[in-house]
Amino acid sequence: MTVRIAVAGASGYAGGEVLRLLLGHPDVEIGALTAGGNAGSRLLAHQPHLLPLADRVLAETTADTLKGHDVVFLALPHGHSAEIAAQLGDDTLVVDCGADHRLTDAAAWDRWYGGTHAGSWPYGLPELPGQRDELRGARRVAVPGCYPTVSSLALAPAMGLVEPEVTVVAVSGTSGAGKSLKPNLLGSEVMGSLSAYGVGGAHRHTPEIAQNLSKVADGPVKVSFTPVLAPLPRGILATCSATLKDADEDVRAVYEKAYADEPFVHLLPEGHWPTTGAVLGSNAVQLQVAVDRDVNRLVVVAAIDNLAKGTAGAAVQCMNLALGLPETTGLSTVGVAP
Amino acid sequence: MTVRIAVAGASGYAGGEVLRLLLGHPDVEIGALTAGGNAGSRLLAHQPHLLPLADRVLAETTADTLKGHDVVFLALPHGHSAEIAAQLGDDTLVVDCGADHRLTDAAAWDRWYGGTHAGSWPYGLPELPGQRDELRGARRVAVPGCYPTVSSLALAPAMGLVEPEVTVVAVSGTSGAGKSLKPNLLGSEVMGSLSAYGVGGAHRHTPEIAQNLSKVADGPVKVSFTPVLAPLPRGILATCSATLKDADEDVRAVYEKAYADEPFVHLLPEGHWPTTGAVLGSNAVQLQVAVDRDVNRLVVVAAIDNLAKGTAGAAVQCMNLALGLPETTGLSTVGVAP
Amino acid sequence: MTVRIAVAGASGYAGGEVLRLLLGHPDVEIGALTAGGNAGSRLLAHQPHLLPLADRVLAETTADTLKGHDVVFLALPHGHSAEIAAQLGDDTLVVDCGADHRLTDAAAWDRWYGGTHAGSWPYGLPELPGQRDELRGARRVAVPGCYPTVSSLALAPAMGLVEPEVTVVAVSGTSGAGKSLKPNLLGSEVMGSLSAYGVGGAHRHTPEIAQNLSKVADGPVKVSFTPVLAPLPRGILATCSATLKDADEDVRAVYEKAYADEPFVHLLPEGHWPTTGAVLGSNAVQLQVAVDRDVNRLVVVAAIDNLAKGTAGAAVQCMNLALGLPETTGLSTVGVAP
Amino acid sequence: MTVRIAVAGASGYAGGEVLRLLLGHPDVEIGALTAGGNAGSRLLAHQPHLLPLADRVLAETTADTLKGHDVVFLALPHGHSAEIAAQLGDDTLVVDCGADHRLTDAAAWDRWYGGTHAGSWPYGLPELPGQRDELRGARRVAVPGCYPTVSSLALAPAMGLVEPEVTVVAVSGTSGAGKSLKPNLLGSEVMGSLSAYGVGGAHRHTPEIAQNLSKVADGPVKVSFTPVLAPLPRGILATCSATLKDADEDVRAVYEKAYADEPFVHLLPEGHWPTTGAVLGSNAVQLQVAVDRDVNRLVVVAAIDNLAKGTAGAAVQCMNLALGLPETTGLSTVGVAP
């Protein structure tokens, strides 16, 4: 089986990573590549690492250029997916790397993003309880945000064991901010410096994390989330903690069981701690758990590549599930290190 | 007034930073420089940035070589300060950058460091309530750990306003780990990667943070502390949070008042967030506060240079206080950026 | 066809990269993994990115553990390959990532490395004129050094067009120095700093570059080579220049022709310049040429990943050639960026 | 004596560094700070490391706002200095960090920058032979480019000893490119990658290097110059080489003599090599020389901080000379490391 795919937003980081992964996917043929302001230029100018596609010219992102593909990946700014998806029809699998269809609550959408809620699509985090079934055969997939991916996988197995109030501090590389030309994203500013942003619950990924954990907990979970920007291009390391209901709970056993059959989520052996370097370029999630008995708190540390499992890897994983391909096709748990 | 100083551990990062600052201190003459394994070699081999001292030869770290100086800075591995200090006499001001005399509780020392407790010295964080007076005219000073410095200054004003259970996730550059030759500190491992360590309350700075906050709160404060290693040489960015007792508290006003007269601690104007790049090489602490109303939590973000205000800058600041010099002599709030 | 391979030196950077690539090679089964001082430990402790092999225990590097494999990759310190190879027999393909069998001149070996010359093996840079044929069906392969790879490919097509005296300044990431625990390789030292080493023709790769270019030029070529260490884990960018014999030569056409059929060497379109980020993790070589008419000099800039095409990628490419597999099997021209 | 200074272009990197240095200068009072597009905003938004000036509001860059100061530092885009300087009058010392008045040859200006040549000013590299005298009492100073500074100081003593054709490959941090919002300067692009630019003699600093060396050599010197961008904010490491006329020349003695009395230029002892980390934030130049006997070539490696000695430090040094202050006032040879 060969599926023909298109990527909208092919000059950005998310679109580039989708293409990087699909170049190694045996069942995929790469069709239209589209962009907004960069339409008309060659891909080489934007993605010099994708040599086999170097000479491709970027088309305009319109429903017309995207039509006729089996799968369309949307890597667009927030708010642009719904209209295009509506014109693509149900015979096309649409995988949206943007935020438009992640939140199920229209009021939450309005508060955090503003404007009309486009409705929610099957949520592309198959490792959450019950989620995989929703993705098999789906025609629309909302790829999770990078922070919600790592935070939800870090904490989901603990729901029920901890008080429903969690703290997440997640340190991220800069590619999560995309290619937007902002002074604080210049190399000179980023290198040699650390900064926090969206502090005090102001980051848009907060309600998405809360949505995921509340669904697993079957009740409201409060999330204190702070993202920190660090000098590296890729990777998120999340430190997640919450008060344990029972200090003697065998937390490790719970996590081992939760992820025993997951191909991409790895609870490391005791004594080993996750690093983002070890998952660079891969779809792997590395986890480790600890219990702080002095404060009776569970601490989970998790590492992902924000562009891979945090965005494009999840997109490909969901495409595989939706199309009935083996879930791991074209994906790897092998990082590029050092 | 010119004071003659000596530095024990002059080939390491803490010792080097003490010397860097003292080279710009108008009242100081630099005497003996000593080392352990590096004794006999020239300083240039270890501190190529300290050109005016390039030809100095490192002596052995012994009480004999350190005697006869007005001030002795100890930048030694843990457990080595007490014996040397005992031989120096009370006419010498001893400023210990190590951990030996920070903890007041002998049981805590035994649990976290092991061995006999050397007793506690005046604690070198003058910005804590009442602490400055203890340092004026002192003959012995215990310089705080880098994480306790940033965490305690971030949270001290909030004691009383928050429940006595705080969470600190502090991201640090690699110089905090010193020059020890460990595989995980190699540049190839560090660059492009993030990692957590001492997770679950296992880091030795945990009891020191708890000691500081408990003293301010006048009651026990639980501290969940996780350090994260990021790819930069210097800087710590701490994200500190706790549940507010009263969600309508004017937290900002409390912090403004607390640090209004402090020369080195700066609450940034609203809308500005601390970065470690902005304090590089300086003795400044940059702070910002936020209240997350969804979870009723105070979040404080603070940035320091771990080698400067986190170690050597604090050492010089305390020397100034102990000797009766203006507290800011030889120190700066101007960072080296970008 | 499935070939069974072993890797000696599996805990180091070169060995790790060989394994990373072979995990994606369809015709390979990974057998013994051996080490020196790290024998007895699990691979996870040294290569946390190679999750599928995490539980493998490292054996001692001996001929006995390596025997019985179709291919043995040696990633050992210089001087250790010859003895082991001698015991493996000609039915085993031995691919040596070390320097032992690169130099053809015993006197050069003695001057630059010292000790007895082990003799030379087929040199694993198939893109040099005539070299590919030497590698087909070979039983022994000497993988080139990383600097010689990038420098030789940058300059080989120009031999004949330029005076036989070339200047190469190659900036490298730190992984080229391996995992050796040296103070100058600590993250704190490397990040935020640039340094040169082996200046004045003192680097051991100098005679290897000269050997390659002299062979192509069919006459002695003088090489002024300076390596520079920069703060990144992987990648070499070489700036190579030489005086043109004829300023009106169509240099670009010569390079286009030289590499027209090479799967891994890419002369970029005019106006695009190589970056090491674009080739990270890939076997690609990106090149660009310019003529400086003011000084009548050809300048070639070339980028590789020192661990991939510079070491392990070349090793796999040569294995493919030696075994009669398609040369590009398991290798990619797609980099991991940003 | 207190001189009142103004800085035009105070929101950029060069202007920020001038201010950082002047905040530590005992004889300076900081007056007007001006900007282009950033006029009207507070300095904190652009220079968060300059806390003592945080509340200063940036004025428009006009002759009116700059008038009435003893010294005006211009840190403006090329082509903007001449007009403003003309309106300031000779009672004001104007120190131009831009390129407008560096080149003495109008035709060279036209070729490399375009437009009308504004004429040349005393060139602010006092370490070049005879140059210091030109700067004493000057009313106009053209601060050299960063690459010309390091290259000229590296090679000037060798003029006469080498053939008049030199090769310079200089690796630079990103701050040299300023705060301009270009995709290739984003942190995600810069970190983990190396790139060359202005290859083939296309960089505008090429004629300035040639001008300096030709003046010292008293005859035309050909310069092959290639700049390389590396992932660090500050620092330039230049590798400079040329063919020796006499292989037995005692080059080291020549360099020792040339810089024996220079406060900022340091020829390191044999066996030590310059690093940019060691000069970060300082006005020091670190040099080392080697002779490659195999190719009969002198190789000089030199390190500076491009913003300090490469721009703002030189500006302050020249101000000191012009005003008759001790040349080293407010400047340091002590770097901020690690």
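We just call them A, B, C and D in the order they show up, numbering each chain from 1.
The definition used in the following text is that a contact is a pair of C-beta atoms (placed from the backbone, for glycine too) under 8 Å apart; a residue touches a chain by one contact, two chains touch by 3 or more.
Not measured: the values here are computed from a predicted model.
Looking at subunit B and subunit D, the chains that touch each of them are A, C. Within the list C-D, B-D or A-C, A-B finds its counterpart interface, over half of the contact pairs alike by residue number, in C-D. Work out the mean CA point of subunit A and of subunit C, and you get 35 Å between them. With centres set at the average Cα position, the gap from subunit A to subunit D is 44 Å. Taken residue by residue, subunit C touches two or more other chains at 13, 175, 188-189, 191-192, 231-234, 275, 277-278, 280, 337-338, whereas all remaining positions touch fewer. If you check the complex, the residues on subunit B that touch subunit C are 13, 173-175, 177, 179, 181-183, 185-192, 231-233.
For subunit D in complex with subunit C, the touching residues are 165, 167, 169, 171, 188-189, 191-197, 199-202, 206, 222-224, 226, 228, 230-237, 239, 241, 273-278, 280, 288, 290-295, 297, 299, 301, 303, 337-338.
Subunit C meets subunit A in the complex at residues 13, 16, 20, 23-24, 44-45, 47-52, 54, 175, 191-192, 233-234, 266, 268-269, 272, 275, 277-282, 284, 286, 332-338.
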